[in-house]
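Should a chain be cited, it is by its letter among A, B, C and D, assigned in written order, with residues numbered from 1 in that chain.
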Amino acid sequence: MTLTDSLVDFFLETRKHTENICAPLEIEDYVVQPIIDVSPPKWHLGHTTWFFEEFILKPHFKGYTIFDEDFSFVFNSYYETVGKRVVRSDRGNLSRPSVESVYAYRTHVTQAVKNLFSSTQSQELNDLLEIGIHHEKQHQELLLTDIKFILGNNPLLPAYSNSFKEHPVQNEAQEWITMDEGIYEIGHNSDAFCYDNELGRHKVYLHSFQISNNLISNQEYITFIEAGGYKKFDLWHAEGWDWINQNKISAPLYWHHIDGTWYNYTLGGLQKITLEAPVTHISYFEAFAFAQWKECRLATEFEWEAAQAFLSWGQRWEWTESAYLPYPNYKKADGALGEYNGKFMVNQKVLRGGSVATPISHTRHTYRNFFQTNLRWQYTGLRLAK
Amino acid sequence: MTLTDSLVDFFLETRKHTENICAPLEIEDYVVQPIIDVSPPKWHLGHTTWFFEEFILKPHFKGYTIFDEDFSFVFNSYYETVGKRVVRSDRGNLSRPSVESVYAYRTHVTQAVKNLFSSTQSQELNDLLEIGIHHEKQHQELLLTDIKFILGNNPLLPAYSNSFKEHPVQNEAQEWITMDEGIYEIGHNSDAFCYDNELGRHKVYLHSFQISNNLISNQEYITFIEAGGYKKFDLWHAEGWDWINQNKISAPLYWHHIDGTWYNYTLGGLQKITLEAPVTHISYFEAFAFAQWKECRLATEFEWEAAQAFLSWGQRWEWTESAYLPYPNYKKADGALGEYNGKFMVNQKVLRGGSVATPISHTRHTYRNFFQTNLRWQYTGLRLAK
Amino acid sequence: MTLTDSLVDFFLETRKHTENICAPLEIEDYVVQPIIDVSPPKWHLGHTTWFFEEFILKPHFKGYTIFDEDFSFVFNSYYETVGKRVVRSDRGNLSRPSVESVYAYRTHVTQAVKNLFSSTQSQELNDLLEIGIHHEKQHQELLLTDIKFILGNNPLLPAYSNSFKEHPVQNEAQEWITMDEGIYEIGHNSDAFCYDNELGRHKVYLHSFQISNNLISNQEYITFIEAGGYKKFDLWHAEGWDWINQNKISAPLYWHHIDGTWYNYTLGGLQKITLEAPVTHISYFEAFAFAQWKECRLATEFEWEAAQAFLSWGQRWEWTESAYLPYPNYKKADGALGEYNGKFMVNQKVLRGGSVATPISHTRHTYRNFFQTNLRWQYTGLRLAK
Amino acid sequence: MTLTDSLVDFFLETRKHTENICAPLEIEDYVVQPIIDVSPPKWHLGHTTWFFEEFILKPHFKGYTIFDEDFSFVFNSYYETVGKRVVRSDRGNLSRPSVESVYAYRTHVTQAVKNLFSSTQSQELNDLLEIGIHHEKQHQELLLTDIKFILGNNPLLPAYSNSFKEHPVQNEAQEWITMDEGIYEIGHNSDAFCYDNELGRHKVYLHSFQISNNLISNQEYITFIEAGGYKKFDLWHAEGWDWINQNKISAPLYWHHIDGTWYNYTLGGLQKITLEAPVTHISYFEAFAFAQWKECRLATEFEWEAAQAFLSWGQRWEWTESAYLPYPNYKKADGALGEYNGKFMVNQKVLRGGSVATPISHTRHTYRNFFQTNLRWQYTGLRLAK
């Protein structure tokens, strides 16, 4: 089996898995966009397909038949290089193309990619295919969290599936792991795939610090709520305080207080909170305020990467104190793919780890996720440092 | 055949017709809400059904089984009396209830109404059924214009159906009909159904005026555009001038200028403008500016009603100069049905006539339609007076 | 004394009176604009002056020296014909021209007008001067109500003057005046000055109605508040209900509830409410809701004008049920002055009467004032009809 | 002379200097607030005074007579601990207290502080006085840049003073200074005054880098504009690209392109751009895009501090690539003064250096200024690194 063969298998498995995620949906669920940060599942299906058509098939497959000229306009996300596109806030206004034709588009492109790679092999094509696969894996995570948002904000609170485990229980006792002062190396360091924002392996100097082995649990977070954490301005950033007050926020996303008991919407429907599970669906502002209340802080992304071997992680994306910035000597890729990461490196925070929704092959300790400080629809969580 | 029997037949025909309107739709088309004024077709199907359940079945059908307790929350429109409801701007965020379950809801309620009337007959029930039927007929018109908006704002411009004639040609030569000064009687004056806002038959004094036998045609409207009508501030209300500039409006809704030719989106897809057809999809602001440009004016609703017997009308809702206000001695109905009309009697304009989308049995010369001055998604048109 | 002489005297008296209104102000009070509907006093002083310079001196005074070329940009209000202008929302951002230079501008223009009329006399000039005087008188009223808003929304609640009587007590017992059904003549009907919107004397047919001799008092309005009037949605227009809820409105403008007692800010400072005085600073929405609560209604402007001779009026601008629309045969003036009234004839309500802030020579029974339905900073009030 | 004596002298000099900055103003200039980021000069005068009254006189001066109880409400800025306050966006709506009474307030408080320190001396009081002085010096800089904004956005473009040199010419040839890889110490390290955000002296590891001896000049920035820098999306952050397009930004703040020549508003009025002076009034987004265009980058704040001894700085606040974050072991102060810095440590960028508007005694190489990425009204500039 050649490298290309195994890459094509990986490609086919990825394409299939995306569709499996959508299997429990009604057609109606594919269409809506309740907030601007959430895209309709139909759009994810089309956009990940467009990526292969635009960057692989159009430039490299002589004689390729474009599925539909209009889809380029419909399924481009933010690539200014590639031309005009539907504005993001309008994605939920599009009833067409139909779900059926989006699936036909997927089949057409998947088959064409397979055909292309059976006849042509090159490092450049392999690299493009690999980034396309990882791009689709990123969207698999978004697909799941967007579906959760769509169903979890529906007044009927319909379940998605009972087989998805979102709230694993942590059993270990809390401990502080002490890390020594000194120079640490940060960044990607192997031949395996990574994004450009992980490159630029470099040294940082860290002062001695302690980091918790555990994520903060729902039980601990309820204690924070009951202690009035959402009402004490001195725990919050000025911007966070405005945000919770303007949006009347007093608990994590998906939490409901019913007759004195805390419930949360899960992919299996509305359920009592699992007290021993790590808290999730909190913003950076909330993570910071909780840490202030505990007289601790969040780790920086460098501290996290230095300590990660001693931590159990992978259930929650963990907010760090680090702003999303380029590593020293960061270079963005040429052309449209250069728009992938660099242009978002302002006013966002880095998250480290990975979540229950992250495809396993997409998780690694150098991965840098990033979001605005008020976003909560991912499986975000919180680990203390001091 | 009793009165009730024929009313039940009318009811069944109406229920069926609503579903026929939706027959050409894909499931996806039932879900979206591109602007706040447009509701998802699924919502219209559910809301017209809820109306019968809420006002007839719940209070009058002993032993009636409510289809789903949550639907009352989902499908209430603006009846504060009846309880909480999904805010209007969120209607397009609801993927559930599914289209299939909304149709099941329709069948359940239609059957229950039929059963109720086969066992119970009363004037009160007949009156409620009649208002429910007319309510659904109103929504049939909205359903069609909302579908047009949903498809006509999709970048793929999909056709709805080729059998719907939106743009009938006017063949008569333009003439001015002169009406004498004097006292005229205005308002509903028979035993047939009407809404409360048409009641309060009363006298008005009209000065002599002239009104055109014809609606303004697309050809005439193009002349207005080409004469710079959208760029001459003195033709417009201050509020209209701000509106066209802020929204970059320079032609009726659905018009596209492609390579020097005017096209418009129709329910049959994108087509060249039919020059001899009456212009449509214009706001009150545009109707007013056109009339100013012609050194004419719009008729008042009283002038229109006085002259209507001499006019050919029914293709376009015609903007009048009249504000939507109560007639002398107007009384609103008691209870929730009192919310039907009266609470909208401010800052809207009256339209008279009826359009190609209006169910025939829903058209009468005393009917008072009303919209905000900037709305264009109905089949609105324009007739000059002086 | 010629007609022109007496007009010039009237002009000089008017110019002087405007300045007298500002006499109690601090320089700082001339500058601010707390909401878009309120203009800084400095702006009123300059704008009324600009009107004479723009429409009389520039076109008719050969050799006139323009005071400052830039003032045309600063002090134009909405005349599109005349060129660019500071947007309305920016008026309060302008610290310059200074108050001192605005007064110098006034003196320069007042003197030039005086000089012009001492050497040149014509009907056209007289007409322009007369409209300029009435324009300034309109602004005198706005000046006073804008000053009240500026000081009444300052946390220090400073007094303007103790000599201004805003809250005259009504002593007459309430009575219903009955008006007969029939034809009435409406509109201006003499050689005296009026605005174009009062012209087009015409007949209307009125059905029999009753109108109250009295305005609604503060005492009656407090009863409405205490009866939960602001919490009963069925009393309100849908748009009014949204407005009070979004803006958290539960009493007239300037009212403060302190330790169980109602106070209001007056030009003399914060004072206990005078219970026997007519209520003021209410929106149309509030006037309508009060009338609904009393199972009455507001009069139309035609009813008001027909009945006015039997009413004591002039303390409060009285909201009517009539929308602000052109009379039959209304014609707007040519040129920039044609922008005076006509372009505002949409989505506003007519008020009749005149208030404690209206210059006496500016009050007449055919005068049509008009405002949007949510505005409250004028001395608006409420009279019932049925 | 004791330490306290010299501190009191420093205090008196600072108080005087603030008033000197305002000497060229008209009273009207003290009042307005054209954008939310700019405060009225009157407010700065009052707020710096309130700081001494609130944190020194009220708690520490037995028998102190509060000047006016209401001023605490008017002049508090963001200290939630201290109570309610005028919302920031309303500062420009306050005509009262008058400028005269604000000066009386200043005199009252200045004298009271002087009296207190003549009778009572303690380390705690000295520390409070010192932070109050530095707080006022910070506001001196804002006062000047706010005045520039108020006058520079007035359509009359009035001059403030001809004696203020904003645009010093750089004469040195451009050179790259090379800094070695290694460990550097960052943060305040003496007994002199500093803010809490400079503390937590700590080590960082820097890779080798080069930094320019010069700031980017107006000439170089014009070349960027003429090369289409504002039209190339790939130079910009996604958020920056949206910002320039929504706000139609195509040059630094205060720049005017008149008949083919670039002018800028200066405190001396409108003048031709000084080509050899360092560019100023640019946002972080613009600084970043310029650096991208040059295929360079901005320095981090750590690189800047490490290299600063080799740089000539102090004319412009220099945007760095660093987000404003706490140093390791940062601790915020207790009580209200703890609100001084920490709560702003999110979604802002660090600026280093100091500007022509910064009081000299307020400039030091560890000083960390910070602003949102779109702000331009400070004397911000740009230095390249690579």
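Just so we're on the same page, a contact is a pair of C-beta atoms (placed from the backbone, for glycine too) under 8 Å apart; a residue touches a chain by one contact, two chains touch by 3 or more.
A quick note: this is a predicted structure, and the numbers were derived from the prediction, not measured.
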Centroid-based (C-alpha) most distant chain relative to chain A: C
Chain B and chain D, separation of their C-alpha mean positions in angstrom: 58
Chain B and chain C: spacing of chain centres that average the CA atoms, whole Å: 37
Euclidean distance of C-alpha centroids - chain C vs chain D, Å: 45
Shared-contact residues (touching 2 or more other chains) in chain B: none
Arrangement of touching chains [line / ring / star / complete / other]: ring
Residues of chain B touching chain A in the complex: 26-34, 42, 70, 73-74, 86, 90, 92-99, 150-151, 153-156, 158
Chain A residues touching chain D - in the complex, by the definition given at the top: 78, 80-81, 183, 202-205, 207, 209, 233-234, 236-241, 284-285, 288, 297, 321-323, 325-326, 328-329, 338-339, 343-347, 373
